[in-house]
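The structure is given below, and queries will be raised subsequently.
Chain nomenclature is as follows: A, B and C, assigned in order of appearance, with residue numbering initiated at 1 for each chain independently.
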Amino acid sequence: MNWANAVLHGILLGGLYALLATGLSLMFGVMRIINLAHGSLALVGAYMAFLLTEHTSMSTYLSLVIVLPGALVVGYVLQWTLLERSLRAGELVPLLTTFGLLIVIANLLQEFFSPDVHSLPSGSIGTASWRISSHFTVPWLDALILGVAIGALGSLQLLLRRTQIGRELRATAADADTAELLGVDARRVYAYATAIAVATAALAGVFYAMRSAFDPFSGPTQLIYAFEAVVIGGLGSLWGTLLGGIVLGVAQTVGAQIDVQYFALAGHVVFLAVLVLRAVLQAGGLRVLPRGAAA
Amino acid sequence: MSVVATTRVERWSAVSVSFTGALAALIALLAFAPLLLGQNSLDNLIQLYFLVILAIMWNALAGYGGLVSVGQQAFIGIGAYGVVFLSVQHSLNPYLAMLVATAIGAAISIPLAAVMLWLRGGAFAIGMWVVAEMFAIFVSLDATLGGGTGTSAVLAFNLRYTPDQRLKYTYWAALAAAATLLVVLFVLLRSRLGASLQAIRDDEEAARSVGVRVLLGRGVLFVLAGAGCTAAGAIILAWQLSILPLGPDSIFGVDWSAKMIFMVLVGGLGTFEGPILGAIVLYLLQTYVSNSGVWYFVMLGSIAIAVALFLPRGVWGAVQERFNLQLLPVGYRLRR
Amino acid sequence: MSLLEVHGVAARHGLLTAVRNLDLAVEEGETVALIGANGAGKTTLLRTIAGAHRPSEGRIVFDGRDVTRLPAHRRAKLGIALVPEGRRLFPNLTVEENLRVAAAAGRKGRWTVDEVLETFPLLEPLRNRRAASLSGGQQQATAIARSLLTNPRLLLLDEVSLGLAPVVVDRVYDALQPLFEADSTIVLVEQDLGRALSVATRVVCMLEGRVVLEGPASELTREQVTDAYFGLRRGAAA
């Protein structure tokens, strides 16, 4: 009986993971960069919201009005300075520089915010839940997060399909060289992609922080979950990322039902199982990983 | 004038012969250190040796194999916990346990290679990190290994050796491990495998088309790096005696990867001598500037970023290019 | 003043020099056929002019302005368009999306999506088809249409006949005919010597990165051209 509720909670949790993974997926799709600092940037978003809610009378939801545009700017600048140079320097370099960034961010956060654990106030939504039946309860916050995730993914899809910037993003992702020949500024396109990625990361970070406790070292864990969601759902597909997030979330909550300590482990096991499955299928000749992700 | 008649292909040059000789002599000399140096110095040198091991192993994977791994700490943890498991629970002599643990690490790396080597780039990097996290969780769930609060090999050593003896024997084990791995890597890179790895690095598709076994080459490096990092973990255990599976000081912590990346980037990715230089740099930083805490890691991370962007060949790579110097003859030279 | 001036340009691929110390001038309204064997450096030269490749030496002047350091997308906005070798459509975008990317990013002018679909009516029914699913000829038409949408003052065509059946190439050239006849400035790389000579006003032949023959199409003999092409005898500009 608790299992079904666990699965439901897993699906809801999947929404958060999908939101977190969106940016990672976007950056990989457009630039072939896996931003190891992605989780850390999400965490920075949470800490910014924390600053705002601690020192003003703003609610967490209102703080997003400041945090999100700020994140857009941070992402844009990050691409224009660090990542652009990393891309040009070599294939492996973005991994190394974003890892360096991860270390720097985690430690700077610790310096300025202390290693203490915090949580963001989630208002009345945070504590309320629907009781659907004797078996199912749905926390409002989790449902909101899933809704936001779907909304964000949907908006991003719309952006990609219907707008010029979306077409430029897809064109540059396919063939940056040729896009440039047509007048598309690839650097600017990449910067927009990173800006969107960091903004969705910050959004996810804030919701994560409302839902659970966070500390300066929570970044890497979120990165790993986001990455697992992306890989399970298939690199480069936005709705696949939602699916991957849900599968991961369900694996984790079901694992936790068996034993609370199995929470993360269950996710890791499913992740590796998917990898093994893909490796076996690949060996058998099927193309299951997109170009650039597999040998 | 025929170019062919006057050009020779050499492996050894006067410089590299003398340097390699000097290096061998140095290692022999260092073997006598426990008889000459005090405890503090020996302790420091052990640290230097396991840093060297970690650096050359990470470089083997990333610099020669093109595989950036952010999860080698998986093997460090296996090495450390392996020694505890074997020596504390199964009463094996701890130094013998170190050897066995290394073998276990190598054995684990084989099936792991089969799964992980399908991944490339960032997917491989994070995938290995996930593996490390998994091992950490497995260990933390195992009560016999101390669970989440960690464990120690104090008993295993103190029952057999005095602290002074432990220090000496650990020193020799560390020196032997570092020297052995250096030799193994040296021989490997001078072999056909070395040439094929260089080919893969330059142009993977072209290499494949002339029959180079790409997966095999990378597999060998993966297993070597796995074994090497396991050995380093075993030495770290012998040095610090107590370990934790989780938290910021975890033996499975990603901080180890941060150090490995720093050493190899600063020293010179893809060069033989570079990682050794990088290890020395890190060791000096740790000993004389700071060795833990926030600003230490901020410094490491920032320097790593700066080096990756502005000095991509590392200090040694830049020197090598500038002076056309090769101290250890891993490649070929044309002499006219 | 020529529309395009190339002064002493050298271009390399790693250690390989593809273009050596090359000078070229293209007047407004000309159609220049750039011919030469594979590996002569023609594609590299076009890409260098368009900004997709950095020259190691030399200058490129377009309409009096030194564009050597200008990135490709800025040159496209100035009016240099390259239809790349192998078409290189964006495979997962539809024909219309391929066109609209160019229409919005490039210069504005007489060419709009509607104009272009009128000139290449075969594309109209293919508007919503994924570019990757098109045949070679359809892709080539789309690629040319796409570059036209940037309203170029200088159109560079790199081997539009590559990989296409002769009948299809006929149709492509038929569609290009109005461009050749009008005042457009075109440089085209073409392996088919006959076709190249029939549409060009001037011929430039390259060998091993250098110009070995240059002159008005009407004044060069077939023999001169093939000799230069194969490097049998260095020909002189007429």
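Heads up, the rule we're going with is that contacts are C-beta pairs under 8 Å (C-beta built on N, C-alpha and C of every residue); 3 or more make two chains touch, one makes a residue touch a chain.
This structure is a prediction, so every number in the text was calculated from the model and none was measured.
Visitor: Measuring from CA centroids, which chain ends up nearest the centre of the complete protein set?
Guide: Centre-most chain by C-alpha means: A.
Visitor: Could you find the chain whose CA centre sits the greatest distance from that of subunit B?
Guide: It is C.
Visitor: How big is the gap, in whole Å, between where the Cα atoms of subunit A centre and where those of subunit C centre?
Guide: 43
Visitor: Rounded to the nearest whole Å, what is the centre-to-centre distance of subunit B and subunit C, using the mean of the C-alpha atoms as each centre?
Guide: Centres of subunit B and subunit C (C-alpha means) sit 52 Å apart.
Visitor: Would you kindly tell me how far, in whole Å, the mean C-alpha position of subunit B lies from that of subunit A?
Guide: Between these chains, centre-to-centre, one finds 32 Å.
Visitor: Can you list the subunit A residues touching subunit B in their complex?
Guide: 28, 32-34, 36, 82, 85-86, 89-97, 99-104, 106-108, 110-111, 217, 220, 223-224, 227-228, 231, 235, 261, 264-265, 268-269, 271-272, 275-276, 278-279, 282, 289, 292-295
Visitor: Can you name the residues of subunit A that touch subunit C in the complex?
Guide: 164, 167-168, 170-171, 174-175, 177-186
Visitor: Tell me, which parts of subunit C touch subunit A in their complex?
Guide: Within the complex, subunit C touches subunit A at residues 50-52, 71-73, 76-77, 81-82, 84, 88, 90-93, 97-98, 100-102, 104-107, 146-147, 149-150.
Visitor: Per the contact definition, I'd like the list of subunit B residues that touch subunit A in the complex.
Guide: Touching subunit A from subunit B are residues 62, 66, 68, 70, 114-123, 125-127, 129-131, 133-134, 137-138, 140-141, 214-215, 218, 248, 254, 257-258, 261, 265, 294-295, 297-298, 300-302, 304-305, 308-309, 312.
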